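Here's the structure, in structure tokens; my notes come after.
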Amino acid sequence: MNATKVVAPTTTSRSVSRKFSLGGLFKAREAGIVLALIALVAFTATQNSRFLSAQSIRDILLGTAILAVLAVGQATVMITRNIDLSVGSVLGLSAFAVGSLLQANQGMPVIVALVVGVAVGAACGVVNGFLVRFGQVPALVVTLGTLYAFRGAAYFWAGGEQINADELPGHFLKFGNSSILGIPWLVLIAVIVLVVAGIVLRNYRAGRELYAMGSSPQAAELAGIKVGRNTIAAFLVSGALAGVAGVLFAARFGTIDAAAGNGYELNVVAAAVVGGVAVFGGSGTVWGAGLGALLLTVIGSSLAVLDINQFWQQAIVGALILLAIGADRLVAVRVAKSLKKRDSHV
Amino acid sequence: MSDKRPAWLSRLASWDAAVIVITVLVLLIASGVVENFGSSRNFTFLLLDLLPIALIALPMTFVIVTGEIDLSVASTLGLTSAVMGDLWNRGLPIETIIPLCLVLGAVLGALNGFFVTVLKLPSLAVTIGTLALYRGLAFVVLGDGAVADFPRAYTSWVTGTIGDGPIPNMLIPLVVLAVVFGLVLHATPVGRSVFAAGASEQAARFAGIRVARLKFWLYVVSGLVAGLAGVLWTLRYSSARADNGLGMELAVVAAVLLGGVSIFGGKGTLPGVLAGVVLLATLQNALRLQDVSNEALNIVTGVLLIISVLLPNIVIRFRAALRRRATT
Amino acid sequence: GGTTKNDSSSSGGGGAQSTAQADPNAATKEGVKMAFLPKQLNNPYSDIEVGGGKTALDELKGEYKLVGPNDASASSQVSYINTLIQQQQDVIGIAANDPNAVCPSLNQARSSGIKVVAFDSDAAKDCRDVFINQATTEGIGEQLAKMASELAGGSGEIAILSATPNATNQNAWIEVFKQQLTKPEYANLKLVKVAYGNDDDQKSFQEAQGLLQSYPNLKAIVAPTTVGIAAAARYISSSSYKGKVAVTGLGTPNQMREYIKDGTVTKFALWNPADIGYLAAYAGVALASGQITGVEGQKFKAGKLGEYTIGKDGEIVLGPPTVFDASNIDQYNF
Amino acid sequence: MVRQDQGAVPLLEVRGVTKSFGAVAAVQGVSFPLHSGEAHALVGENGAGKSTIVKMLAGVHRPDTGTLLVDGQPVEFSSPADAKAAGIAVIYQEPTLFPDLTVEENIVMGRHPRKRLGMIDRGAIRAEAEKLFARLGVRIDPGRPARGLSIADQQIVEIAKALSADARVLIMDEPTAALSLVEVERLFSVARNLRDEGAAIMFISHRFEEITELCQRVTIMRDGKHVSTDPMDDLTVDEMVRRMVGRELDALFPKQDVTPGEVVLEVEGLSREGVFRDVSFQVRAGEIVAFAGLVGSGRSEVVQAVFGVDERDAGTVKLRGKKLKPGSPRAAMAAGMALVPEDRRQQGLVMDLSIERNVTLPRSGALAKLGFLFGGGERREALRWTERLQTKYGRLSDAVGTLSGGNQQKVVLAKWLSMAPSVLIVDEPTRGIDVGTKAEVHRLMSSLAAEGVAVIMVSSELPEVLGMADRVLVMREGRIVAEIGREDASEDSVMFAAMGQGAAA
């Protein structure tokens, strides 16, 4: 066996023909949602001009705020190739915890309520995270289990008790409805959550590591990323944000029982998926997830305004999810094609 | 090589075998401890309650073993039920409606299959979408109304028992289907393909297995069986409603995973799944008889689900630790 | 060929109609085991109802039990009925989630000697012994129309925010309500929409929101359900519509006190839900003691509520609803 | 070459390490030092335990017994992060990229350069990636996602990743398996630079020419045990092989002469947009036709399209005159074609399934009785073929993923040979296979051809191509550019065709 030597050309034949705007294609997703939103709003507004009244916009934004906060948490988890189906139950638990605390201590400031909500949610998130990490159990299964378990705990605790608006302190209810500089508090909180999460995921090491983990868990381990710690952290974030959402829920709706947020998980996952967060991790942004939440909320509102049989609403949400992932697929196929072409030697 | 354990022993140590053993134990204990549990009538109730879940769990096992999932089954059940009620209201004969509903189920399954295999979309996302879509359509078809006046001959057969004994008539289709599904999964080339496709889709393709086609038909079967479950459900409660079976997909997935099927595909057995279904139903039944509240049932279901997946991992680690100690 | 809808009139169940003779003078049994199976556990309204049942059973020295699902579905109720049969209860008090779906099981219960008292929401009439009706359908429908007209000032657009579209009670009331509107004195009232909040707080909230966007000239929202009225009142009280759009319907005083006080709501009506459970328990024990069998015209005593007579189809009507307003609301606590 | 003084403390030392997986003792009491300024080769047959040692050094596995010493101090790596922190960079045998992230981010993952407020510095990342690629003499767009990179490009990104870590110890586990000669040369010159700057290098390869070219010291392993560690100059290649295998080897490439029969396979005008174009060739019974060419020239894609696992845009494939349905491996199999794919982990085997299921997977239909697979039909079939190929395993019911690389390859071969194909396509049949097994595989191919099977072999190893083929088809950039008969085939003629005009200079 002897070495086969050939005179080497200066560079290999692999070549880069032109700068390729992948970014453009990836952003197409968010642009698509924005377009769909504009079309929907425009159409609804022509049918009923009150759809664009200040009150109506406020209602939509308030509705979006809760869903968006949940969707940001969900996106964080989904990016790591996990999923958190327990968010609805965590929301319920947190809402009820905060509600009963406020019921007992009328003077409790809103910020304390928020902290309590975050703490309850974070605790639930850590439970999920630990089970996923140390049990080596798929997140889908773990959070399906804790979906039942947390909800059961909420029922156990509430035991049929409902906390009504008149039992909650006025300042807390006001927090749910009032604004600062024209922006409702809830919306402000949602925007802050969105911006902070967006920046961390895009511009910080911790955020990039989450994408890496979702893209290839084994490779992440080999790259020296603390996969376990990050997984727990992602679930903690999702739980904590579900806790925040619980507080917002309590403030917005004023009536809290153990069923608060029942079935939310589906909407939240839908918002993230519609917003372009890949179910198998590694790609997607919280902006997309937020836009997804907005789109779902607007659809709900415009169906009511357009006087479309409300039964259609769920069907439309379903169709929309299919449409969104279908469109995503098309974009992906295009990207793959152009990558391949660029790579080829023909 | 010190590992001289015979094959059957290591098989016994696997989770699905453990679930079967646990299920039998729970049944025995419940019969002894829980008042009225052992009565033949309760046995009938127990079987009737677990039937729809068991039925849908059969194709779901296949789907999950191929590494996919079908969360739309309960909505397919609901839509089938709604359509059944609507057609009945329009005066169609039940003998026509039932086959139509089965076809509808298959078509709904085919739509899932199309999205998953032709468009190559992740099944989790697709079936979350169709979960909402089919349930929504069910409400569009029937609104929140209920259709109740199905013919006695059919409803009483579905709720009836064989020769007025403890065994419900409905167990017949379940047993037949369970045997068919079990044989296909564990003793036919199709079953081999299902496992191969689940464990490595690419390798299965290189071995000449038409993975996409296989999955497509699995979704069709899943829809078909969900449709059948919809028909049986409607007849059992003599009530066609859009919200029939709401949320049942979670119970089905929970039972399948409890039965030792890997959510990542490629692993699982049908007897294990059936044991999982029975175990969940038995626990619920026995705890209810003991006046344990619904919320506790929820917690039990959730915790059991987690344990079912957690325990095998712990056992593996424990064994590895033991062996390490033995070698050093 | 084949079996169509026209061939069969009803499925129901075996309709184990009791043929036993009632003995109005029979002694009231002690230790009657009665289980309450409301539509859904942990629903505040149901809780008040069954609370009344507990009071009554304490008075009667019976055994009270409460079971039920967390989701308001008929199939879960069936599982519970089966469990109750196994536990050999004497009486089941049920608020049916679906009048027909629970039927076969109820009949199984009855053929094992269990008496069935439907309350709040009826089961098909051939699968229960008696039904405790909170009020006559006419009474409530008329009351709702009267309040709506008053609050709308006799003319203008009004909308209904109901529970689910197949809720038996609500639909019957809405039907009467619509008939009332054809009367000349309500000629200027226009019912523009019946919306459904599914008895879900949040959904009702959003539906109220949608109503106001779709119908800017709305004068009043009538919500014949306690969840709906509270959600609508809460939305209005925190929105710019406060004072312009009236909310009325059926609600509990505790829920509505805040909105009565802040002026969002002027008046609303309801029966006392605790009395329903109370009456159901008395009827159940009377059935178990053989004092009544559910036939029209039979009478029985219901503790503090006095004597009741069974009406047509085994219905027992609780009485007329009470109207609550700022002047009387503080006298009630439920 | 600089030869370190033996007395110096090694940068990294492996001392008496042992590692078992279940009942398998993958590594048993192996010791060797890695010195600064020295490239150290680790050789051994498949499954000898080389990658297992790499993974212990990388902190992926923890040794059961024994110690690792860095600068003479014992260390314990509980995760790859610890090993990284100790200055050890690893190129793993299997590429470990993040497909969704850009190439540049893949390179810096885990140690992103940062700017104000701790934010990552995208400009610096780009600059670093470009600098590394310049050093390696390749041009890959740092801004593209890693998804869709060819295996060779992936391996290059891996190399860039390892280089970017500025490591004191660079461990390379078969980095060259997928690379063409040119890239190997580049890699070696970079590696030599690093070595001369004082880094320690550990290099694993099954190609002895590479080992002798780069390394100064060699450790030989057999069956998980340490055989010897010597200066490279003290050993001949033959001696290395003898120590690895534990016996003398017969000649490699035992090509039997066969008179080709009639044409069995005819491929005409096969095209696939962006991959290959207008490929036509014929193969006769008893003939071994080799596809040569640089990595990425489209050989695997052509044979995959012929077999039908890949779609094709145009062209026909005829087997014994009958046209094959495009895109249907099933039709190809029914007609008597078999493909042993390039990537056995992803394509060749279902790793989680048992050995017997893997062997009989394509034939389970034929083995079924009345549609059912009862009785030991599958087991008997699997036993027959694994014995024939002398596969080493514990139990037939063990997952095939527990076998060593070479034995896995035998299972793949068993799987397809059991079908008794009339056309056998083998794609890189000996990639990552040790010399002993390699000879067996070659003997097998040769005897199959002698039995009248038409064999198509895709290979990147020139000696293998020259030794085995009756005819060589050379591909370049998606086309067949030359057809060279056995007598005319030489290293020069094949490489000249493969590299095109550029190589003439």
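Order of writing sets the labels: A, B, C and D. Residues in every chain begin at 1.
Operating definition for what follows: contacts are C-beta pairs under 8 Å (C-beta built on N, C-alpha and C of every residue); 3 or more make two chains touch, one makes a residue touch a chain.
This structure is a prediction, so every number in the text was calculated from the model and none was measured.
Enquirer: Check every other chain and keep only those touching both chain A and chain B; list them.
Expert: Neighbours common to chain A and chain B are C, D.
Enquirer: Taking each chain's centre as the mean of its C-alpha atoms, give the chain farthest from chain D.
Expert: C
Enquirer: I want to compare two interfaces, A-D and A-C. Which one has more contacting C-beta pairs?
Expert: The comparison resolves to A-D.
Enquirer: From the mean C-alpha coordinate of chain A to that of chain C, what's the distance rounded to whole Å?
Expert: 39
Enquirer: Where the centres are mean C-alpha positions, what is the separation of chain C from chain D, in Å?
Expert: Spacing between the chain centres: roughly 74 Å.
Enquirer: Report the inter-centroid distance (CA atoms only) between chain B and chain C in whole Å.
Expert: The separation of the two C-alpha centroids amounts to 36 Å.
Enquirer: In chain A, what residues contact two or more other chains?
Expert: In chain A, 155, 258, 278 touch at least two other chains.
Enquirer: Scan chain D for residues touching two or more other chains and write them down.
Expert: Residues: none.
Enquirer: Which positions in chain B are in touch with at least two other chains?
Expert: Counting only residues that touch two or more other chains, chain B contributes 143, 293-295, 298.
Enquirer: With touch defined as at the top, which chains are paired up in contact here?
Expert: A-B, A-C, A-D, B-C, B-D
Enquirer: Give the list of chain B residues in touch with chain C in this complex.
Expert: Result: residues 35-37, 39, 41-42, 45, 49, 88-89, 91-96, 143-146, 148-155, 159, 233, 237-239, 241, 243-247, 284-285, 288-289, 291, 293-295, 298 of chain B touch chain C.
Enquirer: Going by the contact rule set out above, which residues of chain A touch chain D in the complex?
Expert: Listed in rising order, the residues are 1-16, 19-20, 22, 203-205, 208-209, 211-212, 214-216, 218-226, 278, 281-283, 335-337, 339-341, 343-346.
Enquirer: Could you please specify the touching residues of chain B with respect to chain D in the complex?
Expert: 1-3, 7, 183, 187-189, 191-193, 195-196, 199-200, 202-210, 266-267, 320, 323-324, 327-328
Enquirer: If you look only at chain B, which of its residues touch chain A in the complex?
Expert: 115, 119-122, 124-126, 128-137, 139-140, 143, 242, 250, 253-254, 257, 263-264, 293-299, 301-306, 309-310, 313-314
Enquirer: Taking the touch rule as given, give the residues of chain D at its contact with chain B in the complex, in rising order.
Expert: Within the complex, chain D contacts chain B at residues 20, 22-23, 64-65, 309, 328-330, 332-333, 339, 341, 346-353, 357, 360-362, 364-365, 367-368, 371-374, 394-395, 397, 415.
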